[in-house]
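Okay, handing you the structure first.
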Amino acid sequence: MQVKIQRPFFQRFYLVEIFTGLWITIKKVILHRTVTIQYPEQRRNYSERFRGLHYIKSVQGVENCTACMLCPTVCPALCIHIEAGEKANKEKYPVKFDIDLLRCIFCGMCEEACPEDAIKLSNIYEMAIPKRQVIHKEFLDIQRGKDKAGHIPKLKGKGVQPNRVDFPEAGLKVGPVNPRAAGPKESY
Amino acid sequence: MALEVLFFYLFASLAIAFSLITVLRKNPAVCAFSLIMVFFSFAGIYALLGAHLISALQIIVYAGAIMVLFVFVIMLLNADAPSFDLTSSHWGLRVATFVICGGLFLAFVWAFKNSALSPVTGPFTGDQVKALGGNTRVLSSLLFTKYLYPFELTSALILAGIVGTIALAKRSPAAKKVKH
Amino acid sequence: MSETTKTSYPLYKEADSRAAAGFGDRFLVTPDPDDLWEDSRVIINLGPTHPAMHGAFRMVAKLNGETIEKSYCEFGYTHRAKEKLGEHRTYHQFVVFTDRLNYCSALINNVTYAMSVEKLLGVEPPERAVWIRMACCEIARITDHLICVGIGAVDIGAFSFFLYGFHQREEAYTLIEKLCGARLTTSYTRIGGLMYDAPVGWEQDCKAWTKKTREVIDEMDKLLTNNRIYVDRTVGIGVADKKMCQDYSFSGPSARAAGIDRDLRRDEPYMFYDALKFEVPVGSQGDVYDRYLVRLAEIRESLSIIDQICDRMKPGPIWADDKRVRIPAKVDVYNSMEAMIHHFKFFMKGFEVPAGEAYTTTEAANGELGFYIVSKGDTMSHRMRIRSPSFWHYHALSDMAQGQKIADMVATLGSINIIAGELDR
Amino acid sequence: MMPFDPFLLLPLVKCLLILGLVLTVVPGMLFVERRGSAWMQNRLGPNRLGPFGLIQPVADAIKLIFKEDFVPEHVNKFFYAMAPFACMLPSLLTFAVIPFAAPLVLGDRIITFQVADLDVGVLFILAIVSLGIYGIMMGGWAANSKYSMLGALRSASQMISYELAMGLSLVSMLLIYSTVDLGQMAEWQGRTLFSLGPLAIPSWGILLQPVAFVIFFTSTYAETNRLPFDLPEGESELVAGYHLEFGSMKFASFMLAEYSNMFTASGVTVALFFGGWQLLPGMGYLLDLVPLTGLGHDIARVAFQGTAFMIKVCFFMWTFVWIRWTLPRFRYDQLMDLGWKVLLPLSLLNLFVTAVLIYGGVY
Amino acid sequence: MAKDGSANFFTTQLDAFINWGRKWAMWPLPFGTSCCGIEMMATLSADYDMARFGSEAIRFSPRQSDLLICAGIVNAKMSPVLKTIYDQMSDPKWVMSFGACASSGGVFPVYSVTQGIDNIIPVDIYIPGCPPSPESVIDGLLKLRDQVQAGNTHSQRRIRLGLPAEK
Amino acid sequence: MNFAADSAQYFPIAILIALGLGLCVSIFFASQWLGPRVPHPKKNTPFECGVPGLDDQNKRFSVRFYLVAILFLLFDVEVIFLFPWAIVYRDFLKVNSFIVWEMGFFVVVLLVGYFYVRGRGALEWE
Amino acid sequence: MNIFTELATNNSQPKKKHGDTWKSQIEKAKNKFGSAIEEVRAPGDYPTDVPIFFVKKESVVEFLRYLREEPDFGYHFLADMTATDEGGEPRFEVVYNLCSPEKGPRIRVKTRVAENESVPTLTGLWKGADWAEREIFDMFGIRFEGHPNLRRILMDYRWEGYPLRKDYPLDGYQLFPDAEPPDPERLK
Amino acid sequence: MPNAIEPWVVLSFCSAIFFIGLTGVLIRRNILVIIMSLELMLNAVNLTMVTFSTSLNDMGGQVNVFFIIVVAAVESAVGLGLVIALFRTLRTVDTDQIQVLRG
């Protein structure tokens, strides 16, 4: 199929087309149908699949994770750092479960890989932090408090109260970046 | 109307100061911009003297067009570069010039002060001009009656100017062929 | 094809009207070159943070007045070693890197990558997966073209136009996000299948979206296509003719704008494109305006393709029936030991791809996107070469811009839609 | 010693008013530009600070004042410091000759609503407009950067090219009005051109000289460097054009100049082509309804005229915003072609036709 | 402003006022290099409209902008460019590190990628995500604004303490 | 010699200029004093998109820009003759139509110049 | 495994088969070039999707010109050009992927290069090969004889080492104090 | 302060400007500045004309100024055209060097 310039007669004059354009824009002003989502008050409806901040699912206050090391292995960003420990009943559990959020690309592969349905991605996206930190297990765990079943309530619709994750204020343990995760230090 | 005398002296001193800068500063860009200030002062003096149209023209043509051209050329030749910092070639010439010009200036002042203006005055007194519709209108009608021939001649002058500059700026096709 | 591009006008003479686009001038005299002196040339550096260079490219141009006399392009400012990473990440992990190639249409990259590994493995994804992949490709193509057309307009100063298109792209992101949970970096495909099945009612959403998009495209069309200023700015600008297209291995819309009637979806049909009805818009001159028209026409074609796909999509499995690549369902993992072991092996080590090599291409939004994978039988590739269309198009920029104004260069660059991610890889 | 005459202070008051007007219109205009463009693009624009975001310009101003005013080493310091003000000063001056309302007779005094009633009238505007170029050239040249330089050169040649067409379209208006005085022009435009039943069509300049209007209007866009003629700042090519290296209040001064130029351009357009302070249709009836006589009525008339003038000016200022966010921009050579090969001959032709028509007694 | 940290009521009030102006008029300099650049555009475009907070007046000139939004990858070749641009910006200036790549190198711990722009320039706010969704960008902007109001950013500290810009 | 009485009309302009200058000066000093000062060697370099600029003295721009200025100057002179003409046009017409031809001749001569300029390609921007 | 066994369903991969064309083309090319062709690997006996011609590097330009100009071949679309680090001796293979847009088939040409050898440039045939060769030089250090401007393209011009060689570490980061200034020489 | 000003004061001012201009013409080597100085001299003459015109109540002087302005415009256009042309061939705006190069 050939695309061609079509050159209607009117187009030879600047003014006609200019007025068409002006009409289109002024229509927008008059109708004023804004599409803006006024973010802190209104939110877009993200789907269930939205890949946001991680949390560790737990059942009856015990986290599902058995420190099987699948997620750190599969993570393409290499941003999960787990140290396994053993509980009294010989069950393994993560003593340390750090995620370098600033390295994570929210690909969801850890969730996909987890055989215990432990690590999950919530749909919280407000994660901005003023310092480069990794988040510790306690932080991932704390999401438990939100819901008995271990799910984070999904934020839906316009006008929902923001569910901010404010790192320093939440009094959470956040640590310096894992040296492995930090880049080579070069300076001028 | 002492205020006007005050303004005259203000403009005059500005003009002299800036024209000295124009003549003596090394950087041609500075020269050009101070020349613009001189033109403004002149426009002010014209206005004080009641030559309103001339005053407007002074700004439109001198400040608004001629100096634009100067500034363009300075920018174009990158005349800010050190190679352009040229003042007098010879100190002797400089001193001689100062002496001669200063002397001539004093002589002129003396002459102006001690000679009377011609007693013959024209018909256009201030009130007369006002009655005829103001400086602009009077000047305009003069231009198209008494001074018609010079006016028509200027068109030829401008044409010559156009042809001349274009010829200078653009080499003739023939010359181009020769070159290649 | 829609009315606007199909209609021909009886009084329309192509060559003449193109000449008349400028101010046809009886007094036209070819300017003589030595009316300027040699060192009045200015060397000006555009980029890498120049607004016209979209953040990551650089052009150094020798200007004669406003005209670019000679220029050279530089890039590499976003080089991220994806090819090297292909040798250090498993085939399963590598899909996240394909998102970051042409990030305006990440889904096409995902699909192409999956296809190329599947080719080496000899795995066939099931029908539903293929349909969904196709729909994804077309949505991605539209988002890509919308950005390109919009950015092209911004470069010429029409900012509002860009935002109209951009909103529709936002809506497309909603669709994509519903599908895979991310807006831009989708990582949607898996070797032999998909990350998720399409959610219920997704087809309907798609169709609603195509309907709305068509209206928006019409509006954009009205605002720009016949705008005299826009036409004057684009016709005859940044011409890449057929010869140049061959020299620089142009593909995709940029080549089609020059009149090269080639579309891999039709000429080397992969997936189910041969079962669909669509047309391939072709331009004639290969200038900025043609590229714009071709892209607009392609958006319309893609919209109709999406409609057809949505009609033909049927429920079914989304995973290939091949144990090597298949990620076991979570329920199986909890319940069966065998699945558990497989699951562990899959994620701990990844699957091995038999030795061999293949070069797989698809028609991406910008042109021929190819993955040349050499496998030595490992879980990671031996060589992961990505053939990106932008690389070849960008190469031609200094040729295309030669003798044009800098403003034209900006328009040209916008119209060939160079994406830094796939240019630098 | 002369007794002190309070009317001697009148010019000062007028000047302060004008300056105040410009300095309030500019932030207002900025606000309108930002929100108006947002509305055109289905956005909201700055709506958070104050009601409708009205305080936004205040925040901008505070930020700009308290931003580092850095003078880079590579610039020509003197001109770098001067340029913004060389740009700003002419833009403040032009409004001096534009009449806001018909003169008010107060006993034996006539109060004009115009800062200075000059003999040269419209020529003054032309003179000032021709000076606006220096600020830009100084800025581009002093900043010593290639983008700025190119922007300045573009801007300068663009402005001077369109000044010609502008001057010529002014000449054809002068032919019609046969005066250079803007107050007289406004009065002239109060005549009835023809009557459509009860509706008296005033002989506004636009109706008499539509071609001159189009030329003048286009030229004002080029003179103010607004899209579609915003090549000097042409963001996509020159990053920011001539004010690239200017930050803080220096940049703000450039902005101030640009916006007050727009204000002035609208004012001149209205004065020349839209009847100046002549009332808008319908306002005459309203004025008649005002139950005042004598001086009170006159003052009401002045208020109405001022309002009419400002309404018209606001419309044109809105047009600046409106067009900017609708049209793409020209390329440099197209722009020059338009100026030299279309508008210049066209305005000459228009002048010729006007002269012939006046000769034939049509006007 | 007193250097020993003691400040009287007036100066604190004035500071608060100035910072209020600054936080409401952060003009961004978009440094969008790759995928994140697209999402940055989305943040600036109609749907999310960062203009609501007075931050849409995009200035590409470093002299006129306040907020350097570094969106996307910064690699070894780009690092000096970023550094230069940052250095050329007039104080007070803020840096938003947008996305995983800019913040830490993200998914690319490779030979060409600078592992976080904080190796080169001081960063005031990091936004995780790859790319961060526009909401999280605005969230980051809001948090940055809080910091600006509190005077708790690198640049403001530098001004307060009279430190030279870091070399 | 008396100054023209009507030069008083310019006093408001002088006031305006003075006020404007005052504004400029206050803006200048306000930003000088109020802005912070954080020097850095790189701040002193011109913006060149972040790369070191080519340190050439060669900043000469094309002669075309200059040509525009020259043509503008010449045509501007033409325009200034038109202003007086336009002002007195109606007055003169009342007497005779000679005024039309006076200017007609003038403009025709200049049109010759205009077409010469175009013919020589001085208005081409290639 | 042979990936060219017909699959039961053929959902995803390109459907056109060019086996016969290739067969005749291989014959023809072998007759024409004889010993310049070191080896031909055709699909069926080697796991590849298209035939691979291994050509001696001296005659690779001739060979490609033949493929491009000969009407029976018509491979005038240089789809891709790259190299691989095989690690053995000779170390590198330069790979040309060609396509014949009119007829449909694709083909691959390879030439083997040792570490310090150079390959004749292809820029005379395809202008577009310029950058591809520069990239190969940048990434593998393979030199191209007669190339107009063989300099680094993706990496900084001061970069040391060749990143895509197998012995280059993945995190071999190098940082340079400032960017490359514009080079007037290249604008002559 | 006197209410009016004697014409000789204005005329002296004119001559001052004139001689400053003349000095510039004589001592400067930059041809651009020489042309500028010429403009200065022309201006001084203009002002003299206007002064006489006002004090003698004769508009002729002002009309003359009108023409002088036009001539000055054309003069500087052509003059600068020459400068450009000179610069193009001789690469300098230094009058001394121009002389040398001419010989």
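As written, the chains take the letters A, B, C, D, E, F, G and H, and residue 1 is the first residue of each chain.
As a convention for this text, contacts are C-beta pairs under 8 Å (C-beta built on N, C-alpha and C of every residue); 3 or more make two chains touch, one makes a residue touch a chain.
Note that the structure is predicted; figures quoted are calculated from it, not measured.
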Lowest number of touching-chain links that must be crossed from chain E to chain F: 1
Chain pair showing more contacts of the two, D-E and B-H: B-H
From chain D, the most remote chain by mean C-alpha position: G
Cα-centroid distance, chain E relative to chain G, in whole angstrom: 44
Inter-centroid spacing, chain F versus chain C (mean Cα positions, whole Å): 48
Chain B and chain G: spacing of chain centres that average the CA atoms, whole Å: 71
Centre distance in Å when chain A and chain C are each reduced to the mean of their C-alpha atoms: 26
Touching two or more other chains - residue numbers and ranges from chain B: 1, 5, 8, 49-50, 52-53, 57, 60-61, 64-66, 68-69, 72-73, 75-77, 135-136, 139, 143, 154, 158, 161, 165, 169-170
Residue list for chain E, restricted to those that touch at least two other chains: 45-47, 49, 52, 60-61, 63, 77, 80-81, 83-85, 90-92, 107, 109-115, 130, 133, 167
Numbers and ranges of chain H residues touching at least 2 other chains: 3-5, 7, 10, 51, 54-55, 69-70, 73-74, 76-77, 80-81, 84
Interfacial residue positions of chain G with respect to chain F in the complex: 178-182, 184
Touching residues (chain side chain D, partner chain C) in the complex: 37, 40-43, 146-147, 150, 154, 227-228, 230-231, 234-237, 239, 325-334, 337, 341-342
Of all residues in chain G, those that touch chain E in their complex: 154-156, 163, 168-179
Complex contact set, residues of chain C against chain F: 25, 27-32, 35-37, 39-43, 45-50, 53, 58, 63-67
Chain B-touching residues of chain H, taken from the complex the two chains share: 1-5, 7-8, 10-13, 15-17, 19-24, 26-30, 32-33, 35-37, 39-40, 43, 46-47, 50-60, 62-63, 65-67, 69-74, 76-78, 80-85, 87, 92-94, 96
